[in-house]
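Okay, so chain A shows up in both of these, paired with chain B first and chain C after.
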Partner chain A sequence: MNDLIFFFNQVMIGGVVLGSIYALGAVGITLIFGILRFAHFAHGDMMTMGGFVAFVLATLVAGMGLAFPLPTGFIVLPFAMVIAAGIALGIDKGFYAPLRARGARPVTLLIASIGVTMMIQGLIRLFFGTSTRSFFDTEPKTLIRIDVPIEGATRPISFTEPQLLLVILTLIAVVALHFFLTRSRLGKGMRAMADNPDLAKVSGINTKQVVRVTWIIAGGLACMAGTMLALDVSLKPDLAFNIVLPIFAAAIVGGLGHAYGAIAGGFLLGFAETMAVFNWAVLLRPFRDNLPEWLEIPSSLALVQSEYKLTVAFIILVVVLLVRPTGIFKGAST
Partner chain B sequence: MSLVELKDIKAGYGGAPILNGVNIAIDASDIGVIVGPNGAGKSTTLKAIFGLLTVTDGSVTFAGQDITNSEADRLVPMGLSFIPQEHNVFTSMTVHENLEMGAFVRRDDISDTLDEVYEMFPDLKAKRRQNAGELSGGQRQMVAMGRALMSKPKLLMLDEPSAGLSPRYMIEIFEQVVKINRAGVGILMVEQNARQALAFATKGFVLANGQNRFTGTGQELLDDPDVAKSFLGG
Partner chain C sequence: MTTRYIAAFAGLFALIVTVAVFMGTPFTVRLLVEAFAFALIAMGLNIQWGFGGLFNFGILGMMMVGGFAVTFVSFPVNMAFWESDGPLMLGQTLIAALIGAVLVFFAHRVQRFGITGKWRGTVIVLAWFIAYVIFRSQMDPAATYIIRESGWVGGLGLPVILGWAFGGVLAAGIGYLVGKVSLGLRADYLAIATIGIAEILRAVIKNVEWLTRGTLTVSPIPWPVPNPQAWQSWGADPTTSFIYARAGYLALVVAFVAVALFLIHRAYNAPWGRMMRAIRDNYIAAGSMGKDVTGRQLEIFVFGSVLMGIGGAMLVSFVGIYDPSSYQPINHTFIIWVMLIVGGSGNNFGALFGGIFIYIIWMLSEPLSQALFQWLSMFSSDMGWGRIPDIESRSVQMRVFVLGLVITIALRFAPKGILPERVNRNG
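For the complex of A and B:
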């Protein structure tokens, strides 16, 4: 029973947490692709940058000696998201919009976004150095334990307070996004533009405004994802390194341009990763006594060692591209 | 003063000019029909009015105002509406959402216009929660027309609304066009089914090689032996 709870803690909780972060990143990628038709390579670094914005705000707030019932990182998150959305708008205006105005092709924009990646990374290192930081230097990270009322279960289900808040916030963000896309005038305009940009223009939809809203949403959600990843683990300038591939994989698996696909893809990738690195030997141990002598359970039975977990996203991406290049949840994006 | 007037416009897609002096004038009471061979520049003419490509010479005026090279998000609120030849519905959105997108520029209550459109095309009302991509060609054309009407246009421009449709749908679409015109909306349409369209046109324009070849009332064009021989298939 304890082993099962261990499995639950590691795979299920870990998967939901990781999946939430991937989903928020992947939504941004898929929205930007849908509206602007290019792969925004700098998205992972926008997440890192968002994390640092939140970190600066949290440090400022902590410096003022204010105390809150929730981790400071979450208190400052809305403000960080606003700032990050503003920076995203600035990046678009400064780098991508001039290229679009000259009719640049998607490849050109992709390469420009690689440049933006390097710029963000350089700026972060310039201001914050290369060290790893934590939001919880000045306050404790609360651990939540739930005892399982089953005989033989001594190990509790456990997760941290940031993990719980992270999942709740992701849920709120997804629901809000859903209502925005299906109920609001601008959200529908956004879907229209992703569906058929020429017709959107002909209908009088203000395409520049739609582009701005796209960056605001993508930038805000990237900040949310980056901050929550930093709250869950730690904050470092190369946070994006392990993130870019999974979030692109999630967006592609979900069918580029489809927001719901990207969310599902994010959770799929999150669970795939935690399952791949889970040591399945743990679940076999209870049956040790019933197994024949010659069959010895190895001490580690993980599909992938956790240092190589990036390969999971890579393999899923390759398989999906080979089998269903348009994504596994929906047909072709027109 | 004409509702819309093109004076000697020249336009192209960046390479060689496609239009070499097109003249068109339409009143609010008119149904103007543009006919001509493939590649004559008929679609290009409509796109040039709608600011979808650059007019390099000449002028376009709408109700007396110069709208040469204006962008669509200015033209739609002024009262121009355009149904492109292809890809003229949002396939991943419902019929209802397609209509709402046609009213994107409006900030007032659109429910009356919605009712009118559904009354005009009862088929659409039954299918309003369905994605436009799942409809038949004729139904899509109705969605496209509905979408264009939602902005309450003064001038409706249609590019081959009957293309690929069965005679039954063609007749229905043409009947609606006449009805819309009677309600006070100027019509400028491109048609391959030239004879049928010229029969109800108040003005006809034959374009070839990016220039006007014949201009007259619909009946005049139908009666002209040269036009009949060269452009209406004998």
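For the complex of A and C:
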């Protein structure tokens, strides 16, 4: 039974946490792709930047001597999201809007987003250095343990408070996004523009406003993902740059431009990664005594070594691109 | 147009002379060697993106492969490995891999036996899985054995130039596979597919310790020309020995770049180049004129990869150390893109100019921003605000910002680059 709980802690909880992060990032990427038709590479660094904005706010709040029952980084998140959304709008105005106005190709915008990536990263390192920071220097990180009321189970199911908050926030964000896209006038306008920009324009949708709202949502979600990731692990300048590719993989696997697909893709990749590095021999150990002599359980039955954890996402990406380039749900195409 | 070329290259020359005056000759020669190697890689990207319109974000992978190739070929032989059972076990691994390959090959042709649709998919997945298990069952013990008995495989002890050539060949092979897999995709997807494959390559090269020593790094990798130690043993004093040795290396690299530039420029002006541009500008029209679009794109992808592999190999043997964990997307993929875009994509001289110019800017942003910060810091302490802390570590980070700024400015105000492609409409 303990082995099963170990499996649950490692694979299920790990997968849900990783999947939530991927999903939050991938939704932003997929929205930008759907509306503006380009792969926004700077999204990972917008996540990192959001994390740093929240960190600065949290430090300020902690400096005022305020204490909360929840992590301070989580309390300041709404304000950080507003600031991050503002910065996202500014980035669009400064770097992407002039190129769009010139009628540049999507590839040019993609290269511009690389430039933005480097600028954000350079600035973050300039102001904060390369060191690793933690939101939990001044307050403890709460660990939640749930004892399993089954005989023979001594190991509890355990996860941290930020992980729980992350999953709850992801759920709220997904549901809110769903209602926004299907019920509100603006959300419907966004979907219309994702389907056919010209038709949306002639039917009187304010496309400029749609673009603005897209950046606000994407910036806010990126900030949320970055802060929650930083709360779960730690805050460093290459926090999200390292996972921007798996996030892209999630968006593509789900079908670029397809918001629900991005969420599904994120969780799919999250679980795939944790399952691929899990040592399956652990689950076979209880049957060790019942097996015949010749069948010995090897000490490691992981599908790949843990160094290759991120590689799993890329392999799935390449296979999906080969077999079904539009993603598991049919994505947008141009 | 010619004046623009003269102005650009004269400006570049003046910049190099200024650098030499302020930073000293040994530093400048080193800078130039690396800049020319990067220019060669930028020319490779120019073939792919400028001629063929193919998006490649996997430059890092090609450079890593080239670096591995030259390390493997030119590093001295490791007798401990060849005298152990290592080669035998690697042979078994190869056989296992072949068995797996045959299995997968037949699984893909299973529809001939009447198995189609979902069943065919199942069989293919199963075959891949079994092949993977067979391969791992031989590979893992072999790797553990080699690491325990002899550390790693070692090199072949052959001339460095052969290693560079092998780097080109290996990169061509990888380029062929990458192209075969991903060339049917649209630009954005192609970018992400290539970057994904490069990341897979990076993870593999970093972790196959028995073959590349992974994070333990390999050094010293021999030079193709007499190195500073050799010059010192012939009686040169340390500073001069560095200048002589690096100048010899620079001559070799410049010769390579010159030959490559000559050949590429001929190809660009030849019917072959015209066909490539036709495919780039309108592949549907080119296809309907009877050009084999996919085949030609694959060809161009492989050509570009060769130059990237050779450039990566040159850089590794110059530095003398192969460290897989030193490869970063910003330093090895994005910077090449900045070089090409700023220099002028589609123009070979633009790629050459951009490669050298951007590399100098990249290397100089650190001392320049350090000076700037020092100045600002003096100003702020005069005003009573205190000094700026950690100036050294902060100014290292400035170059990433400068690179980003350069590319965004270039895209906005000079999207065709400093030396734009010449479009000859009536030739």
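Keep in mind that, in the parts below, the second predicted complex is superposed on the first by the 324 of 334 C-alpha atoms of A that agree within 3 Å, B and C clash if a C-alpha of one lies under 4 Å from a C-alpha of the other, contacts with A are read in each partner's own complex, and residues count from 1 in each chain.
Simple rule for what comes next: contacts are C-beta pairs under 8 Å (C-beta built on N, C-alpha and C of every residue); 3 or more make two chains touch, one makes a residue touch a chain.
Keep in mind that this is a model prediction, so the values were computed, not measured.
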Looking at A:Ala104 after the superposition, I want to know if it touches chain B, chain C, both of them or none. Which is it: first, second, both, neither?
second
Per the contact definition in the header, classify A:Phe314: touching chain B only (first), chain C only (second), both, or neither.
second
Between chain B (first) and chain C (second), which, if any, makes contact with A:Phe38: first, second, both or neither?
second
Chain A: partner with more touched residues, chain B or chain C
C
Is A:Lys201 contacted by the first partner chain B, the second partner chain C, both or neither?
first
Return the residues of chain A at which the contacts from chain B and from chain C coincide.
334
Would you tell me which residues of chain A are touching chain B in their complex?
185, 188-189, 191-192, 195-196, 198-207, 334
Chain A partner, complex, touching residues on chain C are 55, 181-182, 184-189, 191-193, 195-197, 199-200, 203-204, 206-207, 330, 334, 337-338, 341, 390, 393-394, 397-408, 411-412, 415
Which bits of chain A are touching chain C when the two form their complex?
33, 38-39, 95, 98-99, 102, 104, 106-108, 110-112, 114-123, 125-126, 129-130, 245, 248-249, 252, 256, 305, 307-308, 310-311, 314-315, 317-318, 321-322, 325, 333-334
Help me check something: in the complex, which residues belonging to chain B touch chain A?
50, 52, 71-73, 75-77, 82, 84, 87-93, 97, 100-102, 104-105, 147, 151
